[in-house]
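After this come two complexes, each holding chain A, first together with chain B and then together with chain C.
For the complex of A and B:
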């Protein structure tokens, strides 16, 4: 009796195990003859660190695809399935033609931008990419109020198909008849995909014109013009397959197909799992922060490398910044703000929190610019040298406070203003370990200069509802990321750091979270996009930097890459590197001009 | 029979009351969390957006879409209505994916990992516990400390130890995923073997920690039973040892069965730790990300399923007990 129970149970267990696991896997929805039981390792490029959680859809009009490998528009748009007219290169800050043929031109008034499309450009169904597709894409974004549509509606009036191949992007004009913001207009052509008109109409028909359904449609049948198409996805991975008829093999573009036949991304639960897979050679490109990345080749002797051979190992582009809440008692005093910022030991933050994957503030002195050559050339370094601080200057900070008359009057070890102790919290989201380490060091700096700073790490879901409220009084010093590299930066970053437009607003995802107000900086922010003269531009950016470093409404704690980039060369090699002279940014071989890297990859041993 | 009907009826009423209470809590509790799920989505969608009015528009759109601006009671009525139609709603964090679709795709991974692991852990644990009680001496001296040690290992501890030893150091088993990183699901030996191999570490990490607890429980119960009067009497009558062990095992088993039922009831809650550490797909990590992303519909749906499973399991056990153990039925009907 008992034996038979055991027998039944063991059969049951075995059945549940396999039936369950197999039922959970979705069979590949492609021609069965084409289904590879396995993705050949030497034909597949594996990613980690882009895709978290299952893919939701393939609809380029939706902002909820959670499809990191295929759909990501923005400053460095991911262009493996859908393509933009131009590709942004963060190294030199230039836009290179992709679907477009040659550079775009502005009219004299800088209100209209015109470009033509390449003759060879085709959709994956073989039809031509036309100016009408570009125009219809814009109209559709506006009509259905997609996030792209509402994002550009204030700046782009219309996109017009002049003839079959010529497109004009018309800027929205201000009262003076100037473009509201020519920078955003020029960014439009490298930020946003061109989507096929025929497919868009199919989608419109399917949802009967309902805007909500239009944006929620998973778009499984979406047609792109890029070199890859959807192949397979489930809860554990997503795979794209190369379109061997890709138009880009024409001489007017790349002249060949990208090397990998498949792009695959295993969905890992966390960074650690992705890190183990990178070490095991199951990942070729890792867009993850791997601490002490150099140990992978120095200690573990693995064929792993980064964009730069030595620290900071990557190309940093964004400026994680600590904002001062100017409503907090004492933080409205610039001496207090600057003293805290001066006393922070940035070298320790960079060594510990970033494991040296950021240049120090001695190497790249602080300003409103990221460390790329393009941005660094935009301000007069000598003019602001006296204002820059590299940190850990406890003596200077103490002197600054003493001179301002902010001293400890009651002998409790902390400085006071009008008898009130200077006491703050320093906040960042829980679990963001590198930020948490940085915030701890900010708190330690306070202790050295007689200002009480305690750390506080709420969950992200809570954190982001508080700091985006311009009237919040809960957080005194809090960390937020900054704009990275893109056609609208560094203008966008200056605006993000200081624009009065955002001060005191609620639901503020745009910037100036501390509530800083300065009419002069607003004038500069308004003037920069209209300025084409390089010398004038440098003058404006230098002044913006001066104001930023003088008033210290916030302070940058480290530099950080736009995308982390660590490659394992056990299968593929010739990944973009700083020394290869190809000018390809370390952007996952997928984003902006980074996609060019796909055409240089070779197999190890070939 | 009348007494039994009364017992059954009372149980059913309590079952209903608990269900209603749990249903309401499932709705209310996630919404009491601090934070705003719409803001989380807005942040994700509007990254890099220059236009301030654009950001506000996106926020308003999602707030309307998810109905988070409506008063709580209105949301509850909507939720009730949808539930009655069998509609679990649309996920916030994975919008526009329906909650039912998310659960459908991950629940099988969880069930096929948890169910066999629970059963195997339970069987092995009870067997070892009974052996320890019966054999005593050396066996017991080794088994008890080991069981106590293993059962007190935190789940993530045992999972990480297994991962480091078998996955990283010995490279015997894969460290992550439900099947080979280079495979596409298909009906082939290679794929099935890959599923089997990837199954091992998460499976044993769950089994290992459940064995200890079961063994300790079973051992105490068996020792207690071995010293019971009926065993002494049976021995006195000269009944064979094997027969006596059979009686003892059956009696010692009762509380263990309750434990088993509860484990099965909660199993869809997922093996969060095993799933996270081994990047194994399943409901555990789905619930975790739902909580982190304040995905109310997904949290409510998954907790509702767990509630239903637990209620059903306990209900079934109570009813079964009535049949198996007349003492319980008698005690219940006397009240």
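For the complex of A and C:
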């Protein structure tokens, strides 16, 4: 009996040893699914609030990837997998070189922008990033009419590879021989990825030149130059893995690899699920609107922080704005518009709807600028001080209306114009909770000044078809977001708020949804991009602010961050914060210059 | 009738349910007589004020002051800022800084504060300390500012001419005011919600609305169910077949699915409380129909019904005089349950965002929805949702108790 056991055991041992020897012959195969199922916590940076639903693709030419962790181009492009020549930093408004070597230069006529690429810059397959890649990326965007291509086609004539390392971006010229818009040209180099020419050609071959198929391809084989590569994704999570051969560890760039080996994003069912995970330390960095976020450290005493320690907790950059539909009865009257805007209690909107995650209008008086120092310096505060209102000024609003002769003539409690009662709806999409709460407070203001305002919250699918139609008469006062921080702002925001180009257009995703027309503001909008003299620029922006605050085509309800930013230091520490003096914006450690934060992270206790 | 009522009030279950229900009803009726605020008025700038008595800080300075020498006052004052957790934390920081443990006596406030003031440096971040912890110490340090100061606090008013501050009043450590003599005191027994609204006022109003919704939904469902059940049961034949065809059809489709689809297609702008109640009513009549029909079938060949038929009475007369009284007890009980399930259905719909449009009138479901959107349950703001849950539970509990009690009265087989 004993003997037989021994025999069986020896056979078993032999089998195990043989199998082990076999396995040793081959390099150990890693199954991403298995690794992703239990990522080592101390090597993984967990996100929340970026990715909702499973990833569609990795194709940087597509605008339908639903791949928030890896692919997002624009003013603060997400540069963990693909990279841009420059990184925008919303704190100081500067563009820092990434793939590019040093600052770009303009020719004297401001029609051509030239930069060179870093010698060290390489794709993840080991080949060099060349000027030809940059040029071919632009050509492809134009050829296949991608959303990037359509967006820049009116401003960028061509991108040319001068030699292997040197790239020139040529601006489209107007009749006077000037660049149509130098701002958009300089934004091009930090907004858009450089995509590998070889991979682009593979993709073109695969779709046989079909533009729709080209943009719809999932691009699973896409090759980037960034520090991370796709590792695993399913309907519960997305995981990126560090490319340990990343070129950026060269002295000419970061000089090291980013700290986390994996970037992972669990796909949460809703905001509350993500909030709970943050609280439990399962999430390191959260891009969610977490209401009353300060309770996490003040009450629960958790190692959780935001960019600023006190309200407004983050760096706000955009201006959610309520537009007046100038076709609505009575709203063509500036007194009515201004009275409503003056009567709204913005302090309550900010304290209740935003739970203080926005500066108040006493702290940052209203203008066309966001609260960043760079933009605030662009207008003369004293010159428009008389025009700015902080809100909750019921008396002033009533006086304004009385003086304009808009009074209640029939005694029903509401003011009339020519015998017709002033009655409006205030609208925002259903489920956008902080906006809904804000709109409620707008409606409450109407009651105080004798103007009937009722709230209305249609579904987003309906809302988006109505407010983008310049001829709609369904919504009277309705909320839309604004441009955040970027190289083309605040010019882009002035244009968005007031440009006549957009007035009355259909399918309008660009701006001026209320249909405001003013030839003078159009001149200013045309002039700003051509202006390099700082004093002149301030003069133009001040005038734009004056016009905006005088005519009140719309009014800002609150300030809001580009990206919400809450970090939990249970595992990682040294996240970017306002007080650390590193000048890194709180942008997910992934967007624009925010990516620099990845190189400072350390483990708690190390 | 009198006998039934008499019997019912001898059933302890019915009485308990009835008393709870009446108490709720009394609250809904009488509370607005005392607190006349609009239930949706935003009174707080900020979210989720905890329950308590709010005293105007400004007005306390104008209220008559009394001097009281309370021995425990100083201890309370220090204890409010410097509890055990804070003392431990200070020791931890001082040890990390390099002070020997033996030299730190955390029970001696004066000594601890002296050590702290001498060594604490907000810029220091020790090995292994997170920046969140560093900020905690900075906040702690700030909160200890002036903790041991015994001098009075001075209230200063700016001079309108020079702009310089001039002392107008000094507040001693022994000064007290009587809350009854402060001009503005607001009691918020349940705090405020995410909009800064008084929770209790809103809750009472919401219970009223929810009861109305339940009543309307219950009435609609019972009327439809009763009518169809009577017709199917008494007339029979083709009418029965057709009615039962639809009844079975609706039985097979879960009510909640229908409810969601109808609510969604109505659109939010049209969803008032009454509309939602009617929608709930028209999707929950099937079981009443089936039960009524079954009872009517067993009744329609009874002698007194046949007698009535022979006497030439009309169908309506027979149904109302000879059949309805016999099933009335069941109908009343079904009605009570329909009210209860109507209230629950509204809460369910509202949580999904398909209930009555927000901030028109408060309902129990909407209150829970907003509490959830603003993460009250994650942030432990229990007063924003727990009272609502208790209210819903109490309403359906009382209605169900009344139902069970009545059941025992009507059905001798169930009597204990």
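Structure notes:
Please note the rule applied: the second predicted complex is superposed on the first by the 569 of 606 C-alpha atoms of A that agree within 3 Å, B and C clash if a C-alpha of one lies under 4 Å from a C-alpha of the other, contacts with A are read in each partner's own complex, and residues count from 1 in each chain.
Here, contacts are C-beta pairs under 8 Å (C-beta built on N, C-alpha and C of every residue); 3 or more make two chains touch, one makes a residue touch a chain.
Nothing here was measured: the structure is a model prediction, and the numbers come from that model.
In the superposed pair of complexes, A:276 makes contact with chain B and with chain C alike.
By the touch criterion defined above, A:455 reaches chain C but does not reach chain B. Legend: residue contacts after superposition of the two complexes on their common chain; A:407 is shown touching neither chain B nor chain C. Once the two structures are overlaid, the count of chain A residues touched is higher for B than for its counterpart among chain B and chain C. By the touch criterion defined above, A:303 lies against chain C but remains apart from chain B after alignment on the C-alpha atoms of chain A. Within the superposed three-chain model, A:162 lies out of touch with both chain B and chain C [touch as defined at top]. When both complexes are overlaid on chain A, the residue A:256 reaches neither chain B nor chain C. Shared-chain residue A:377: touches no atom of chain B or chain C.
Within the superposed three-chain model, A:109 lies out of touch with both chain B and chain C [touch as defined at top].
Shared contact residues of chain A, touching chain B in one structure and chain C in the other: 276, 459. Interface residues of chain B, counted against chain A in their complex, comprise 33-37, 39-59, 61, 65, 93-97, 102, 105-106, 108-109, 111-113, 115-116, 119-120, 123, 167-168, 171, 175-186, 188, 190-192, 195-196, 199, 275-281, 285, 289, 292-294.
Chain contact summary for the complex, chain A toward chain B: residues 6, 9, 13-14, 16-28, 35-41, 44, 46, 53-54, 56-57, 62-64, 66, 74-75, 145, 147, 150-155, 181, 184, 191, 212, 215-218, 232, 234-237, 239, 264, 266-270, 273, 276-277, 280, 282, 459-462, 464-465, 468, 483, 486, 488, 492, 495, 501-502, 505, 507, 509-510.
Every residue of chain A that touches chain C in the complex is listed here, in rising order: 271-272, 275-276, 279, 290-292, 295, 297-305, 309, 347-348, 351-352, 355-356, 430-431, 433, 436-437, 440-441, 444, 455-459, 569, 573-575, 577, 604-606.
Taken together, the chain C residues at the contact with chain A in this complex read 42, 44-48, 128, 130-133, 135-136, 138-139, 194-196, 267-269, 353, 357-359, 370, 372-375, 377-380.
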